[in-house]
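Which chain is which? They are A, B, C, D, E and F, in the order written, and residues in each are numbered from 1.
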Amino acid sequence: MSAISRFPVPELKDLPGDVRERIVAVQEKSGFVPNVFLALAHRPAEFRAFFAYHDALMDKEGGLTKAEREMIVVATSGANNCHYCVVAHGAILRIRAKNPLVADQVAINHRKADITARQRAMLDFAMKVALESHKVEEADFAALAKDGFSKDEVWDIAAIAAFFAMSNRLANVSSMRPNDEFYLMGRVPK
Amino acid sequence: MSAISRFPVPELKDLPGDVRERIVAVQEKSGFVPNVFLALAHRPAEFRAFFAYHDALMDKEGGLTKAEREMIVVATSGANNCHYCVVAHGAILRIRAKNPLVADQVAINHRKADITARQRAMLDFAMKVALESHKVEEADFAALAKDGFSKDEVWDIAAIAAFFAMSNRLANVSSMRPNDEFYLMGRVPK
Amino acid sequence: MSAISRFPVPELKDLPGDVRERIVAVQEKSGFVPNVFLALAHRPAEFRAFFAYHDALMDKEGGLTKAEREMIVVATSGANNCHYCVVAHGAILRIRAKNPLVADQVAINHRKADITARQRAMLDFAMKVALESHKVEEADFAALAKDGFSKDEVWDIAAIAAFFAMSNRLANVSSMRPNDEFYLMGRVPK
Amino acid sequence: MSAISRFPVPELKDLPGDVRERIVAVQEKSGFVPNVFLALAHRPAEFRAFFAYHDALMDKEGGLTKAEREMIVVATSGANNCHYCVVAHGAILRIRAKNPLVADQVAINHRKADITARQRAMLDFAMKVALESHKVEEADFAALAKDGFSKDEVWDIAAIAAFFAMSNRLANVSSMRPNDEFYLMGRVPK
Amino acid sequence: MSAISRFPVPELKDLPGDVRERIVAVQEKSGFVPNVFLALAHRPAEFRAFFAYHDALMDKEGGLTKAEREMIVVATSGANNCHYCVVAHGAILRIRAKNPLVADQVAINHRKADITARQRAMLDFAMKVALESHKVEEADFAALAKDGFSKDEVWDIAAIAAFFAMSNRLANVSSMRPNDEFYLMGRVPK
Amino acid sequence: MSAISRFPVPELKDLPGDVRERIVAVQEKSGFVPNVFLALAHRPAEFRAFFAYHDALMDKEGGLTKAEREMIVVATSGANNCHYCVVAHGAILRIRAKNPLVADQVAINHRKADITARQRAMLDFAMKVALESHKVEEADFAALAKDGFSKDEVWDIAAIAAFFAMSNRLANVSSMRPNDEFYLMGRVPK
């Protein structure tokens, strides 16, 4: 079970240029290639759409902080038992929040995490979207507005939870393996 | 509750050119604009990624038939209680399968639908991906291989179920309303 | 799987007179015999009790409208994944409500249906009876009273949800097949 | 909470003759009136249908023994947390099985009860009908046939589980209170 | 399935002195040896810790009454489908509460039991601890304080529910059989 | 939420001698006092029983390795969303298994962990004990015997899963906070 994926993992040289360039770029930035790039590369059209979607939601400026966006990923991925996403996005969360503890806390039980009341409300809603979105009601929107979330921020919470509902399922089915590097990232003060 | 969405729906004239063109094109082809195009248009980058991903999975040639791809959408959207997707993709399924009954059958209980044994196996797996993807195991892959599914087809089943896990959540949260036209499409012989 | 039932379906001529008469009467009224009559006929005593019970709850004058009674059936049958009841009673609901959309809406997610606030409260309670009746409490009765439901109407909601808890299970176990006619009934304006 | 029901309980003298006669008859036979008769009497048409149905399923000769029929009631009523049915039918089961222990065993966990392998298979199926009837499949029928159950017996198991799915919900909603007499019946050797 | 346990049951003479003495003492007090003593005896160190823990929680003076402590056991053991604990502690509850009905009521659905509002609040909290302890929040503590529970009493409720979460699992896995004597204890006025 | 517990945490000097000694001993061995010792100390009798039980199960020689015992704790604590136990026992697992990755893997989804087939079977059974112990059957025992587990080892698996069913609930209710030290322990090669 130590392969990256149950599905084919192409060699870099066999990939379309734009896919390869994206992978090379992330390698240069991170020092390694997160396996999700390799595990999705056998489907270039899906690869492009996946990362375009991901970037639109996760690298957006304004509104939720980048750490908060990662909190949503880690909390909902924990609820979906997604090994890849909890480990990889847990690492990113630790780095973005500059907090070595919060990722494990949020992944196990966000109710016990060292987060603000506003972040708690954000994660409560994200978990409802992840686990029983058909029960979302006007009352949820009213509560989020009272907590100071703009309509745009509410969409972001929901869209991130929804995107990782997809991502978790892809990772679970393919048995996508997180890189060993992720486990330790952001845990040790530099 | 008769609005298209809980979130802003921009006017066509205010949209980026490529988004507007895509909407105009679907209108010309279908005779109306499915509301999902309008409900996602307030976020052009997400709109582009969403439909690029959708088309890569649903309009693909070879492997699963287009009707089978829609079966996966309808069955999993039923399990997720997604009003928009069951109604809209139910219509598309009726048309693609040239079968006025199968969409309602698959949405309510795919075990009772007039489908082949192979399609039953396909939907069993799609439902597992939709509802408990963390329990997918080697045994599932072995069973699908025995039923004659190629690795590529298995990915397609999983990826469609995963994509609509996202889509269902977006539609549920935004209370996306299916166009009235969908309810009757494909039910009456022409 | 295109048979009417997994259990014996007797010929009309072999049935007790009163059972046959009931079936002939419904055929004359509807133009066809709904399969539930044929699927239950092999047990005449149960057939008689079933339809006596059904009529006492569904054809009652006063209180809930007949369309509202059918809404309860369709919503709870959707929750129980009952293919026969969603399709057959969906048709009756469309006709009684003179609304071609409401049945599909209620079957998939009653929270998104074009119904009144009072009907929403009615269906919320019906779903609680269908899915977790042991948690019904005084507070539920107080809320229903505040929404203007009489004690008799509350009993009707509960009794209809309870009767179809039985009916759904009989249909699911026997794999009772709805007549093809039901799928289109009430969808096309005459 | 010591009333018989949350709904009206009419006086005997105000009831239609046949309903009153049935109640008087059971009182003479049992020495007391089980509260279900009083709790349903405010709806004479439903009362008649309920007991006609009940008797058709529970007092039938041949096939399943009367004790086995009660086992199905007690096991599924336990799963539905139905106070009235577990206590009242538990008493009847003890008497019909001439076994002071089996009712409590079956109500809590039928897997641990002192019953035959055939009865275990019967209860496994009854519980599936009670809790997830939409998953009943041909394989269940094949297994029951192998265990020696006739088609008629399979219908009986399913129909009893279905009837008490209704009955449990009525009792839970009305907070129907079992007579104190039931708790001790069949526990002490005469 | 009439053995006491799926695991070894040592003979009294082969047990360490303190374990044997404890067993002899309970036999003298109760007139028989509850099977839990025999089923755990094959592991003397665990036996000692189990009963030390049990006694610290169940035989404590002050705060919750001994009957209330047993109510917590019976309600949560019912939710965990623990045959041994419902039957054995049901007997003890009947005796301690001097009430022949309350144990069956609490085991099936504590919402319908003849208990005080305070006991109802106690059992609601105990059930939350038993079934979804990760959702316990400050709001639960505030509500219990308002109902007059001291911090020490809240701990007792939680600790008893937690201890029997363990005990139920041991009994379920070992298929621990309650002594026949328990079924009738406390049901008949002396 | 940065306190150790919602319940009183006594000062060392106010504790009974044996309790204080145990705490001092663990501090000397570990370099810090794991918060569970402080959070349980307000109840000395329970403290003594808890740790006696814990040591009997976790420090036992022979049979399951100590790392395997910790795997059971981490997997079932993940399923119970227990923040304290996943973090603290995750640290111990990393150290005992000399593996910096396995704890996160087992906590999120043991099906994807780098463990042996035998350990996988062990954890499957432990999860069944943790989540639905009433469904444990002879077939589970037969399967474990085939995988080479002795009866004593099966008891250990079940007893550890049961003990932490208790422990998880105590930690969840008290909002027990894991020491910051645990998060990093065993992750960095010395």
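By our rule, a contact is a pair of C-beta atoms (placed from the backbone, for glycine too) under 8 Å apart; a residue touches a chain by one contact, two chains touch by 3 or more.
This structure is a prediction, so every number in the text was calculated from the model and none was measured.
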| item | value |
| --- | --- |
| If a chain touches chain B and chain D alike, it appears here | C, F |
| Most remote chain, CA-based centroid, reference being chain E | B |
| Distance between the centres, which are taken as Cα means, of chain F and chain E, whole angstrom | 23 |
| Rounded Å distance between chain C and chain E, as computed from the means of their C-alpha atoms | 44 |
| Chain centre separation (chain A, chain F; CA means) in Å | 29 |
| Chain D, residues touching no fewer than two other chains | 81-82, 109, 134, 172, 175 |
| Chain contact topology (line, ring, star, complete or other) | other |
| Touching pairs - complete list by chain label | A-B, A-C, A-E, A-F, B-C, B-D, B-F, C-D, C-E, D-E, D-F, E-F |
| Residues of chain C defined as touching chain B within the complex | 1-2, 78, 81-83, 86-87, 100-101, 104-105, 107-109, 112, 114, 172, 175, 177, 180, 183-184, 187-188 |
| Chain B to chain A touching residues, read off their complex | 6-8, 43, 45-46, 48-50, 52-53, 56-57, 80-82, 129-130, 133-134, 136, 141, 151, 155, 158-159, 161-163, 165-170, 172-175 |
| Chain F-touching residues of chain B, taken from the complex the two chains share | 134-135, 137 |
| Interfacial residue positions of chain F with respect to chain B in the complex | 109, 111 |
